[in-house]
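Structure incoming, see below.
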Amino acid sequence: MLSCGIDVGARTVKVVVLENGRIRGRAIRVAGLQVEDDVAAALKEAAAGEVRTIVATGSGREAVKEARQRPTGITCAARGIHFLLPEARMVIDVGAEEGRAIQCEGGRALNFAVNEKCAAGAGTFIETMSRTLEIAVDGFGPLALQSTKLVPMNAQCAVFAESEVVSLIHEKTPKQDIARAVCDAMAGRIGSMCRRLAITPPVALVGGVAKNTAFVRALENDLKTDLTIPPDAEYVSAIGAALIAAEEH
Amino acid sequence: MPKYKTGPLKCWNKAKELRQKYYEDYVSAPKSGALRIGGSAWAFSAVPEGLGDVRWLTGEPYGASCAFDRKFSLSCLEAAEKKGYARDLCAYMRNYWGSILIDQYAFGGGFPKPDFFWTSHICCSHAKWYQVAGELEGGTPCYAVDVSVGPYTQITPHGVAYVVGQLQDGIAWMEKLTKRRYDDARLIEAVITETEAMSLWAKICMLNRNVPAPLDEKTMYALYVFGVIMKHRPEVLALYRELHDEVKERVERGIAACANESKRLISDTQPPWGFLDVFRHMETYGAVSIGSLYTFGLAGMWDFPDGTMVPKATPRQLGQTPRTREEALEAIVRWTLCRPEYQHFYNPGLKTDLMMRIIRDWKVDGALLHYNRGCEGLSLGIAQNRMELAAAGVPVSVFEGNMGDEREFDHARTLERIDSFLETLGLRKVEV
Amino acid sequence: MDFETFRRHGRGRHDYARDWKKRTGGKVVGTFCTYVPEEILAAGGVLPVRILGSHEPADDAEPYVFGMFCPFSRDCISQAIRGRYDYLDGTVLAQTCLHIRNTFWSWQKVNPGRFHYYMCFPIKVQSPRAVDYATGEMRAFRAAFEKWLGRPLADAQIRDAIRVCDENRALLEEIYGLRKDPHPPLTGREAMEMVLAGQLMDKREHNQLLRQALAALRTRRLERDPGVRLMIVGSEDDDTEFIGTTEELGCTIVVDEHCTGTRYFLNRTPDDPDPMRALARRYVGKPPCPSRDWDARTRTDRTLQLARDYNVQGALLVQQKFCDPHELDIPAIKSTLERNGIPTLFLEFDVTIPFGQFRTRIEAFLEMIRAEALF
């Protein structure tokens, strides 16, 4: 029996097809203006032809008309992480626009925190800063790791932080130190959001920003705990949705 | 098949008309020789009643009315910003100032200027709000009363004397300004009415302890407002009597506000007025907000015996009906200082304690706190409240928004967050 | 006399307080807001120190405070979390703006079980009833403090502390007065370091330093060109780095209207047979914070008067981000100053400051003033 989870996020559409509790197919597509088309294309790519039950999640989940249920990303991430990393008791998800921390147990979300308006856009901020510093997004983390100097940056507000980066550039601060300052500042923001909940290891980190090694290290230092980045981390919510779909049978 | 019977409130239209009349009466005041008074809804509104026929426009409910009309509100907010006022200031205040600046009243016509402002000051904005409003209007006189003399647990004689003294000075100030003679009998009557009305609102809130709740908070918003805008008026007392009887009857007949009530929540601080649909959205999960310290405690007055809360005994019930100006002022001061919504200004821990009383006695399953960027006064200590509620084992979630500036409210993301919270409570959306 | 001493005590504030404890055996109490009657604390042999931030990112404060509370209030909470003020035996708040009240309560979450006192100081200082009320609150504070100390205070001790504090205020005012000179003998940065040190040190020791400074300043001549004469107006401000860097751009800050500056010391304690009433009258009569400046608006004229007294050419209006009281005053102050020929530049402060951007704006502001001065 095939079941399918679709995570319609702000940037991408992710589809996971499960068969007897194992991933049979998956696909990721950039979400365009016609989300319905992207969903259809991703379904095709994931070979979801015979799927009986679909569950949709993510901020754009209403666009999936055939979904049997539409639970939120929080619920699905808690389910998904249980599949990928059953021992995890906390998931931190740092995406382009939103950061969130979820305390979980046995696939259920117990409590969660989402960043406030003033601390929004960690992923987007790092992207913007990599443009300002003229380095590739992929190179941002490795460059930051070369830094040996701590530059304090206030990052309660991304707009203010951006002015600080401009100031640092004018002061001829080395790029790697600025890159590190940006990663440290973002980690500080995400870390403080996590501390609204109790930090309960093992902690998994998912979301696009998990690919930034310097950010990961900074967040580990901030939270004083190791972070595990599971394989298929970007699919965690889609997997959770697919698991919920499987229950619907 | 719905779990409970539901039905509309019979006195709904009467309430709606009364509210409309309130805003119209303010405009037409000069025609009937009445005075127009502006100021906070937290003001000692019974006191100017001694001047004779006075009509009120209270700033916060007016700002909320503006916010309800998002397009109008935006033009107000932008006008205030253009004048140099920061975007993070109180959203009600900016809506109010904006109305002066664009000279438009949210209920039609030009903005009606008051004869004077009479307000109370407890947050950092109240007195300054009308100081600026007066300046924008070209010099409307303003008298503000400082009520920040400590929590209900520590009311001191010198604190009461300070507030009463300011009211006495205020009466002299009003007499001089308006050249009217002050009638103590009218003051006494207004004080008695106010205490009766506020105690009665608390009594109505008590009925919401019932499962299923006869009232949901979205409906309560439309009704509590009378205990704020005209709490000292006999027509409000009459409306609340009628409402009380009707709600009591709903309880007896098992009529619910939400047909599928399965989890009972409380909120906190003012809601984002332009987006009250979030409350209806929660009901699709079977979650109903049965009130908040805000709706219970702004229009209602309470006593707090033994870890619980009950409608406050009025001076009349205590056999202490005031007979002189001095007695009336002292009675209303002592009464007002117990306002639940004042307590966190001195200690957020007191607010957590009051919220916990509601959570216990109203059988509440979780709390949804509005981190309200539009009101730092009621948001003061809210992070501490969140921590303390969580530590007490209450499921609690927050959403960020603004009661009166729609630009600071992310509707889709808020619904997403509420959905997540309701899912952690084990609820599922009833898919239709 | 070396102004470095003030700077050293300011920067090493925690070392100073710990050392003071060791050598005197006394207690140290942190104060929030300039309305706390330091005299009562000092009369009990306690060192009052004003709690200030450290201008480092304050992310750790997040769980205690909502995002739109001011950076100063967050920075202070962060100090408690980091244990920087662990030596404090207590804190006192004189009822002030909401953001600092939030900090006071968060502080107790981090440091429970010490002497934490919330004093209900009147907000309507313009009311003729305020002095009576403040007197009552002074008495209540004194009683609570005596109970904590375990001994009563004699009125004579309080009068003595008043005398010491008033001497401190008089010395500060006198030194500030020297800045009216066309060639001020001290920079704005030095003045700020001096006045801040007084809020962190034993007043008797500070007085001694001030007396030495005053004597030295009478003959001191700075080599630098004072450049444009500026005043700085607004929120709590202890950012000496900002002042120093600004002054390197060709200007001198000759006076301030900050609660860390003139609003802290510009008035004395009137004679009164009751020392509690005397204190009430002094604090009620103090130059007000914007949150207390009503029904009448007086800060506009006071600020203008300072600008005139110190022959100011321009004003920096600085505000802690999200500070409502100042946001409520700045438009009026701006228009009052500008109407009277004093240009203004508005700067919004956060815990740390992007000086690069500020520099461009301040330089442009100074160029504009210089160009104006040519004609």
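For clarity, chains are labelled A, B and C in written order, and residue numbers in each chain start from 1.
In the analysis below, a residue touches a chain if its C-beta (ideal position, glycine included) is under 8 Å from a C-beta of that chain, and two chains touch if they have at least 3 such contacts.
This is a predicted model, so every value here is computed, not measured.
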Furthest chain, CA centroid comparison against chain B: A
Two chains sharing the most contacts, counting C-beta pairs only: B-C
Euclidean distance of C-alpha centroids - chain A vs chain B, Å: 40
Chain A and chain C: spacing of chain centres that average the CA atoms, whole Å: 44
Separation of mean Cα positions, chain C and chain B [Å, integer]: 36
Multi-partner residues of chain A (at least 2 other chains): 116-117, 196
Of all residues in chain C, the ones touching two or more other chains: 63, 66-68
Contacts with two or more other chains, residues of chain B listed in rising order: 371, 373, 400
Complex contact set, residues of chain A against chain C: 116-119, 152-157, 160, 163-164, 166-171, 185, 188-189, 191-193, 195-196, 222
Chain A partner contacts - residues on chain C that touch it in the complex: 56-63, 66-68, 71, 74, 321, 350-352, 354-357
Residue ranges of chain B in contact with chain C within the complex: 83-86, 88-90, 121, 123-125, 127-128, 131-132, 135, 142-146, 148-150, 156, 158-159, 161-162, 165-166, 169, 345-349, 371, 373, 376-377, 379-384, 387, 400
Partner chain B, residues of chain A touching it in the complex: 59, 68-75, 98, 108-112, 114, 116-117, 196
Chain A partner contacts - residues on chain B that touch it in the complex: 371, 373, 386, 390, 395, 397, 400, 408, 410, 412-413, 416-417, 419-421, 423-424, 428-429, 431
